[in-house]
Each structure stands twice: as structure tokens, then as C-alpha cells.
């Protein structure tokens, strides 16, 4: 991706803001030198985060690929640390996307099914509203008790959280399809199935995009929540483990990783969906800059 | 009717699934009554409280956090929608804050500010701020420029335009944002308490999860859910009354 | 008397389209409009007439040239130039009377005084009965009346109207023409407001204007005086002089071959 001319002039302020955030953090680390635990600064500066902290992440490498783990007595190395980051990130991402796909598919299918005719909607609406208000993250312990701490438990949790969002999003989007499109298709003699395929589904796609963005955020939160309470790998596990020992610098490193992954997944989705939804009007910001 | 269906489904499931992992609706209802003022099971963990007190604690935190988030987020969103430079500066900061799930952020706050009310409140407030920032900004982006142009040609100053056009024109969306933020805040507060707190519904769930007391967890979550739904209904009612001008047109006859 | 109210000299305006192409909306427009004149800007869509109006209003800065109103260079919108927009600009969050009072309240006019003025103009546009209503309860034509009352109440002596009645049905449109002309004509001859009215409707221009300025591709291509007496009845519009003007206008719009 080569920046187009003018990229700098449009984004310099945002980049400056990010740089300023990083700078403030570094300055804070000098001013505020209190420690959460002996040798663990409350505000770890960048030199610590990308030095000692990165190296210490080798603790999370379980061995293999010719790189011995710290538990086996090997000294921590950057190779082990990088491998630890990759393998734990991979675990989390696999859990996230398995759950995301399962939940999105189930939620969309159910949402379309209840929109088929008016009465199931009426029946389903209020319980759905209730399920939606039930705080997802507070239900982690329940899912753990039900599905255990294995892979399936985490995926089920993510899928549930995302399924509810998609279900609500799709049901709502179908209701918002302008009647005129439906009437128009009917006058052409479209059957109900054709109507769904050619009118309703394309018409709800833009709203599904917003739903997907919401689901991505929820999904990242859910997978970490699931890992937080019982897992032997993954970014959430790294955070729990670090928190127990007040390794604030490690938590910070994982948080950075997290911001990176989340931003990349948003940006990627944004790009792909924009291309798919080229026909929708660009919301050109015609702001009166007076 | 839908709620009855949900209850029936739940009851039916209990006959298939082991009682220890899915309690019956009736037993949960009894449990709520038992634990309402004082929960005996919690005394073992040194927590002398009941669902009512815990719910009150959680609700206070949520209310305070939503208020804080709304007061900061909404005006910031409106202002950044009209000042491009400010927006470029604030956007990345708040968007980064918005992408970090509470699970990642919470441990920092618990270490920095202690296992106390203030940590949970700040955590929830940050997320509410981001939501309202986004809602207010989007509302200001979407408001038809003709209103501002009209105000300027009538001689309005910039401050007047913000007060008389931008603010009232975006109120419906901002109120909608507050409703959404409120709905989400319950879960965030609960998880923040679950990760580290001395009181609250989340704390109860955390303790009971340790004791694999599914019935108790159900009771606590159900109370939380009912209060959340009730508050949402109340918010919807208030929203409908506040933005009078925005109600659907009745008739428009000349 | 030839008191110049609006003077545009070598006015140009270009902007960059999303695909990077440079579009010239106006190029080197010179235009003098005298006080009290009712001028219609006519031209095919995309000819730059709305841009010209927005520059006079101060909503859009010119890329080149100068625009002077009342002897002062225009740099920003202000209450000396009232504008009626194509879209509905009545604030939906204020009741009708508050909308009409808005400009006055911005200038710090006392409440009692501005209520009096607003009531007076609402009466003139025939909307006294809905002064306390919400805009959502009004029809499109009524909203336009509110917008017209608002700019007149604000007392600007230059009125800019951007295809204000384009979306209305024929009957409503004709009623609003009467409302507008009555309000415009009520000042005695020397104190009339100056009106610049953008339209693509040839008949509308002939009913309203003292002078019709034709724009095409960002340039002034014709400037016609309309001398017919007012009110312009159906018969008056059929007089030879008027028919001749109509032919010229239709030719400019590409609807008739040049003769």
C-alpha cells in the first residue's frame, strides 16, 4: 500500500496524536516511578516494553520447533518470545474466527427465518431483547460451567455473543427494507424465495456491515473474556498470568498486540466490505467549514 | 408472550440437562427471594450482602459512569465533527481506547487505581465516552448542512449555531446513543466487578462461579438482566418525551 | 436611480471532483444588480447559478474575482443577505414562530419586539394559525412560507432564493409567487428589497423578474430586461414582447433552435 500523494497532509495530525500518546506514556514512565511490585513499574517505558518485557514473554513458549522452553531450563531468548507471541495470538485468533463464523451464520439464518412472516417476529422479539441486555461478559462463568474450559467452550461463548448480535441486526435490517422495493419486486412476480435472494438480502447488506463491525468488537472482547477465565494459551491467558504477578509491563505488551490485531481486523474488514458495497452512496462529508 | 415461550423453553431444557448445570426457573425464582436481602452462601466468603444491595451498588456505578461518559463524549463528538484538525487529533486516541476490550484494560486500572469502585466506574465511563463520541460525531456529520447555512445567513454566530442547530439537531441520535451505552454499561460494569471488586453483582457471580453454584449465578444474572431491561424501558420513555419535535409527523395538510 | 447593490467582477469558482478532475463552476462572471431589482438567474442545471448565489450569500468563497454587496466585500454569510434554500431549512426542533424569530434573536432584538415582527410576517404569509405548531406538522408549501417569512422578518435588503419552489406542485408554487411578490412590492419604490432568484423554470422567471440573467457553463450568456407591468396576468404573458423573451430563453436552454 503506497500512500497516495496528499496522504501526509491528510493524516499528519492523527500520526502526531499517536506519537504524542506514545510520548506522554514515556514521560509518565519517568515522572511516575512507583512500582506495582518490586521491579515492576506502574508505567513501563518503551525501553522496558521492547527490551526486558519482550524477552520475558519467552516464558509463554511451551517448547518445540527446536527452540527449548524456559520451563525446560533454557535461558529466555527473543526467538522463544516471538514464537510465544505468534502461537498464543494464533490460538486466540482461531477461537475468535471459528466462533465468529459460526455465530454470524447461525444468527443470520435465524434472523432471516423469523422475518419470513410476521408472527414469529412478534414471538421472538421480546425474549431476544432480553437476551441482548443480559451482559455477555458476565456470562463467561456460566459457559465455562456448561462447556468446560476446552476449545469448544470458548468458541461457543464467542458464537453465542456474536449470534445474538447478528440475529438482532438481521431481524432489524429486514424490517427496515423499504416496502417500495418489496412491492416493486412483487409486481414483477417474484416468489418469496426470489424476493429474499434478490431484494431483501442485498438490501440488508449495508446494515450487516455495521453489525459485523459491532460483532468484531464484541468478538474480540468475548474471546479474551473466555480465555481470561480458564485457558492454557492465548492472549487472554497471557494477561491473566501477568496480572497474577502484577507484571504490568507484560500486560501492556499484550494490550499493544491486541490494539494492533483489532485495528488490522477492522481495517481489513472495512476495505473488503467497502469494495463489496460499492453501490451504496458514499457519505460524502459536505460539512460547512465556515 | 415471548417471555413465556422463553420460560417454557428453559423449563423443557431442564428436563434434559442435569439440574446442576441448568436450574429450573422455579428454583431460580426461589433463590432470588432467598438471596434478595441477605445471601447465606456469600457469608462464607465474608461478603455480608444480598442481591438488592449488590444491585444498588452496581446500578450506582453504572449511572455515574454513563453520566461521566455522556458529559465528556457527546460534546467532544460534536465539536470534532466541525473542526477537522481537532478531529484528526482526538479520533485516534478515542478509537484506540474503544478497540481495547475491557478485559485488557481492566487489569491496568485495578493495579493503578486499586480494587475499588473508582476503577470500575472509570472503565465503564471510558467505553461510554467512546460510544457517545462516535454517535454525536456521526449525528453531526449527517445533519443536513442547510440548517447551519440557513442559520449563518440569518446572522447567527458560531456559538449560536452550535447551541441552536448542532445541539438540538443531534439530540435524538445522542439520546439513542445514551440508550445503547446504557445497555452495554451493565455488562461492562459486571465484568469489571467480576475481575476485581469488593461488592456488586459481578462480585457475587465471581464468588459463586468459584463454588460452581449455577443456580446462584442465574439468580444474580437474572436480577441484573431485569434491572437492565427496566432501565432501558425507562430510557426509551424519557427519550420519546425529550425530543418532542422528532416524533413522527401526524398529518401534513395545507 | 441606479444604486448598485450587488457587484460581481471577474468572479470565478472551481473545485476538484472526487476523481481529481478540476471543474469550473463559474468563470469570469461580471454582474451588477441595482437596488430594488428582481433578478432571476436562469440556466440549465450545472450552469453555476446556484454557485453564484452561494458566493453572494458568502457560503462559498470565490476562487477568483470580487463580490461586493452594499459596498462591502463579502467574506462570510450574514444577516444583510437573507437566503431561502432549495431544501427545507426550517429548523424542525423549533416551533414555527421561533423559526421566524430566529434571525432577530441572533441580533439581540428584544423578545416582545421580535414576537411582534414574527406574528406580523406569519400573518402576511397566511400562517398565523400554525404559529405554535412544530414544523413536522406542516406541508411542504407551508414550510416554504415559513422560510420566506423568516428572511423577510429578519429585514435583509438583499434576498437570495435558490430554486425555492422547485419541489412544489403548480398551485402551491403560484400561491407562493404571489406571497413573494406582495412582500417584495410593499416597500415604496425606492426602498424595495433586491432579489436574486435562481430557477430553471422559464415561466417562473417571466412571472417574477424585472431582469433575467442567463448562465451557461459558468458564464453569463444573456441579460434580458422584462418590462411588462405587474401583476403579470395570463394575458400579459402572451404579449408579443413576452413571447419573444420566452423564445430566447428556450433557445438558450437548448429546447428550441435559434432563429
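Here the chain labels run A, B and C in written order, and each chain numbers its own residues starting at 1.
Assume a contact is a pair of C-beta atoms (placed from the backbone, for glycine too) under 8 Å apart; a residue touches a chain by one contact, two chains touch by 3 or more.
These figures come from a predicted structure and were not determined experimentally.
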For this structure, which two chains have more C-beta pairs in contact than any other pair? A-B
Chain located farthest away, centre of chain B as origin (C-alpha): C
For the pair chain A and chain C, the C-alpha centroid-to-centroid distance in angstrom is 52
I'd like the Å distance between the centres of chain B and chain C, where a centre is the mean of that chain's Cα atoms. 49
In whole angstrom, the CA-centroid distance of chain A from chain B equals 19
Considering chain A alone, which of its residues make contact with at least two other chains? 288, 290
Contacts with two or more other chains occur in chain B at residues 149, 152
Residue numbers of chain C (touch at least two other chains): 59, 76-77
Interface with chain B, chain C side, in the complex: residues 57-59, 76-79, 81-83, 85, 87-89, 91-94, 102-103, 106-107, 134-142, 147, 150-151, 154, 160, 172
Using the touch rule from the top, collect the residues of chain A that touch chain B in their complex. 11-14, 16-18, 21, 36, 42, 122-130, 132-142, 144-146, 217, 220-221, 224-225, 228-229, 236, 239, 242-243, 246, 248, 251-252, 254-255, 258-259, 262-263, 266, 283, 285-290
Which residues of chain B touch chain A in the complex? 1-3, 5-6, 21-22, 81-82, 84-85, 88-93, 96, 98-105, 107-108, 110-112, 141-142, 145, 148-149, 152, 158, 183, 186-191, 194-195, 201-202, 205-206, 208-209, 212, 214, 217-218, 221, 224-225, 228-229, 232
Interfacial residue positions of chain B with respect to chain C in the complex: 144, 146-147, 149-157, 160, 164-165, 168-169, 171, 243-254
